[in-house]
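Going by the order they are written in, the chains are A, B, C and D; count residues from 1 in each one.
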């Protein structure tokens, strides 16, 4: 495991930013969530080796976070949230320049820069000046500079903000492909929960400096009681009456979705049996899980 | 319903860069989502709507009035721009109050409206702090506040949820929906399609400077006849179910997902398909875990129409 | 003038007043204003240093007034009001564009020309305060020994009005430049330290094309001292016409600025 | 037979061991400056003084050919340390140095602040001192090209033209003071430029400050000297301070009648102030807001 920290504490003056944060993160893509000011960026800074924690210790990629900070940064890639570039440079020189700054020899950096720009899909505009890039292309370039020195660990801060739907899909595919390489770990901090849900297998929710909840995404989202979301087409009235007769509680949401709470002894197939009797179509049938948004709201202690 | 916003073969380009070409549409009350890839003309449309630029051909009108340099019209328009830029040295309160004074409102009324807007976006506790010290989410909420402070009839929001944390997003979505109940017209532009779906079902898709689709998402999805619908079924015995489906003429393609229990069926007639499913399931005692249609959402409509 | 246009003008003036108060409160708090307040107090420091040093070098007895009317006025006229007008005038439109805050203004129910005029008035008001305060203290410090001689104050007021007219005219000109030119600071520097200085040495009516000419012809011709070389080739226009010309020039440039600002489509590229 | 595996591929090269991580900053800083529009023109103009002085050395060797041209001012063409001092501390060269700083120096830190590129620099194993070293070396490269290099060339050409080492024998310390002066003036201007470049995000304002502060300091001196005729006000002007120290380095008579140590102190104080501000403005930590 490349990130193991325990009991991290840090405070800016008298404001406590992190309290007793302990993490032991598995491979693959990990989501880092939390409301503004929950300590996400402080945690990122400590993991990136910028800040030394007041208390607590830990190892990143085997390097101690207090004493070997600059060697951590050699094997870590960071994709910042806001646009950053160097005016007057084209994409290839920009990427190879940053590769060299990470310690790569000059020729290797140039070779690797082309390779990485092909990978993120900037092949046909890699000789253009960076300031002429669109938002989506800048986002890809930031990803390219984060992986140019082949890091073992990449931190992505809001990787999909400001992208159009295609751009978001492609960036997410890139992240999934990189983090599925089993020896590269991606820590993704984003506010768009739909993205986190699609690409992360493990999630950490921070709130007020503490770890509110942490674990495998699937395990966290399970719920024990059997609640189903169903969409019915056709005349539904007596279908609903029959359901109620089976002691099922039925709730209707605005978009015409039924939330059916099945008592433990009833099997969900009853829904289909009744549907055939009533000649009604079951267009949508899902065992409902808590959405990441509800999970988030619950962990952060809001309605 | 009379159209609040109307355009007649509206076209706009800057130098040789195409903005919009020959767009004619009507937008009624309620929330309308504007979406489209970057550089497709979405931002040009919003700029025309807020009078930042003037059309080359055609007209764009709000309540039958042209917008360019028609300043009285802005009494009833609220605009939340996309860029995250402010007068950094002002405090949130000063920023809001001063802007309200430009509406020829007396000082007391301006202050009271500013206070109300601050409460709605929950910034009252930090109203005396300088905007420079605001976090990204707070600045975004301040932008929404300045758009709604003067109680506009028409609200134009460009990426209103950008940079907000999930709680902030929920609040703003609830606020926008409350505006719909009050019978106002809200234009929301966003890249994050799930956000648009959470707010409204009516969308306008702009691509290559043209309107590719307008109306209710599902209605549009059904309109796309040529593109078959995909239905994903997860059950304990997908093979027997698949065998049954293959005989039906309306089933075009059947393939099995990665996991053992998943089956993907392509059909061009959903009604007949879904009418068949319950009977088959009961007849063969198949234990169904899940039925979903993965491409009945905005993302699929978008990908199909925009053709990537 | 029928009732409708009178109402229209009243409405327009009201909008200008609103914009004026908006930008005044904004201008007062902006960092740049604070920086230029400090710069406008530099002459005061110079005056203090001169006063101080006069004790050590008592043999050099130049009268405070001579220093003031030659040296300080030259510093103000040729350097300070140009810098103030340049920075505030050119940035008037470009800071809204660069800071991408223009949309907050153009989507309000006030005409674009009112925005320009309101902001111009607010910025000019700020620079007038700066120069007024700076000049007053400098004047008092330099003429400590004969504060009671009232003819001095008449002279001071005359110089002050000249500087204010200069500010009004230069700021109007740079506002106009700012509405359509991209590289405003470069052009502004070339104009103020190139054109304005060079033109005054040309014969005949070519001098009429520089704003500084009208300002100088309002100044009392200096008695002696080594600094008169700045005025030696001046064929002054009579004061009355000079003031008229200055106001006329300001009016024309402001009108052009409003015209450009309302007609031009400003695209906020990032 | 094999096909390239799709998707992300690793890089299996080795990282460079050892320091010099700031070399790319220098290389690219120089390359980016040369790409600016008018820079080449400005650079050649700033070489004019060197050429003029080279011609001076040529004339000094061929005095008899030019006898008819120079009637009385033969001392001008006397090649001695004073000649070099005049080259190094003449107003035009100093002014051209400032103009080069306006072009190559203004954006060095201002652009990084404006486009928040600091995050890119400091999320790498790069320390703050490496960053500064890189930026200073860019300025040093350009200023050395119009101070140290021409100085050494002039010195060598004098030896070559005169065909003997007599000149070197008589002034063995001259090359040393050329080097000392170049390092001194480049060092000061590096602090001066980086300090101004780090206080604003807008490269255009920084350019004006670099130009304005230098000119203003001289105007201030002019005004005060005009009134009080006391040479001590020379300490106000950057240019006169440099000229004072320059004269001392070439142990010539100093242009102003106060000790050159004072000038040096003023300049060093300015560098100290710049260092403090630079350290505060360029911060690695708060790169992630």
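We take it that a residue touches a chain if its C-beta (ideal position, glycine included) is under 8 Å from a C-beta of that chain, and two chains touch if they have at least 3 such contacts.
All figures in this text were calculated on a predicted structure; none of them were measured in a lab.
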Where chain A and chain B overlap in contact partners, by chain label: none
Chain whose average C-alpha position is farthest from chain D's own: B
Contact-richer chain pair [B-C vs C-D]: B-C
Separation of chain B from chain C, taking each centre as the mean of its C-alpha atoms, in whole Å: 49
Centroid spacing, where centroids are CA-atom means, of chain A and chain C in whole angstrom: 55
Averaged-CA centre spacing for the pair chain D and chain C, given as whole angstrom: 36
Residues within chain C bordering two or more other chains: 270
Touching two or more other chains - residues of chain A: 83
Chain contact topology (line, ring, star, complete or other): ring
Chains grouped in pairs wherever the two touch, ordered by label: A-B, A-D, B-C, C-D
Chain A-facing residues of chain B, complex: 35-40, 135-138, 159, 162-170, 191-194, 201, 270-271, 274-275, 277-279, 281-282, 285, 287-293, 299, 302-303, 306, 308
Interfacial residue positions of chain C with respect to chain B in the complex: 14-15, 18-19, 21-22, 25-26, 29-31, 99-112, 262, 265-268, 270
For the chain C and chain D complex, residues of the former touching the latter: 46, 49-50, 53-54, 56-57, 60, 62, 67, 71, 75, 79, 185-186, 189, 226
Of chain A, residues touching chain D in the complex: 41, 44-45, 48, 50-51, 70-71, 73-74, 76, 78, 80-89, 93, 97-98, 100-106, 108, 112, 115, 119, 145, 147, 149-150, 157, 177-178, 181, 184
Chain C-touching residues of chain B, taken from the complex the two chains share: 14, 47, 50-54, 69, 71-75, 77, 79, 81, 83, 85-87, 89-90, 94, 98-99, 101-104, 146
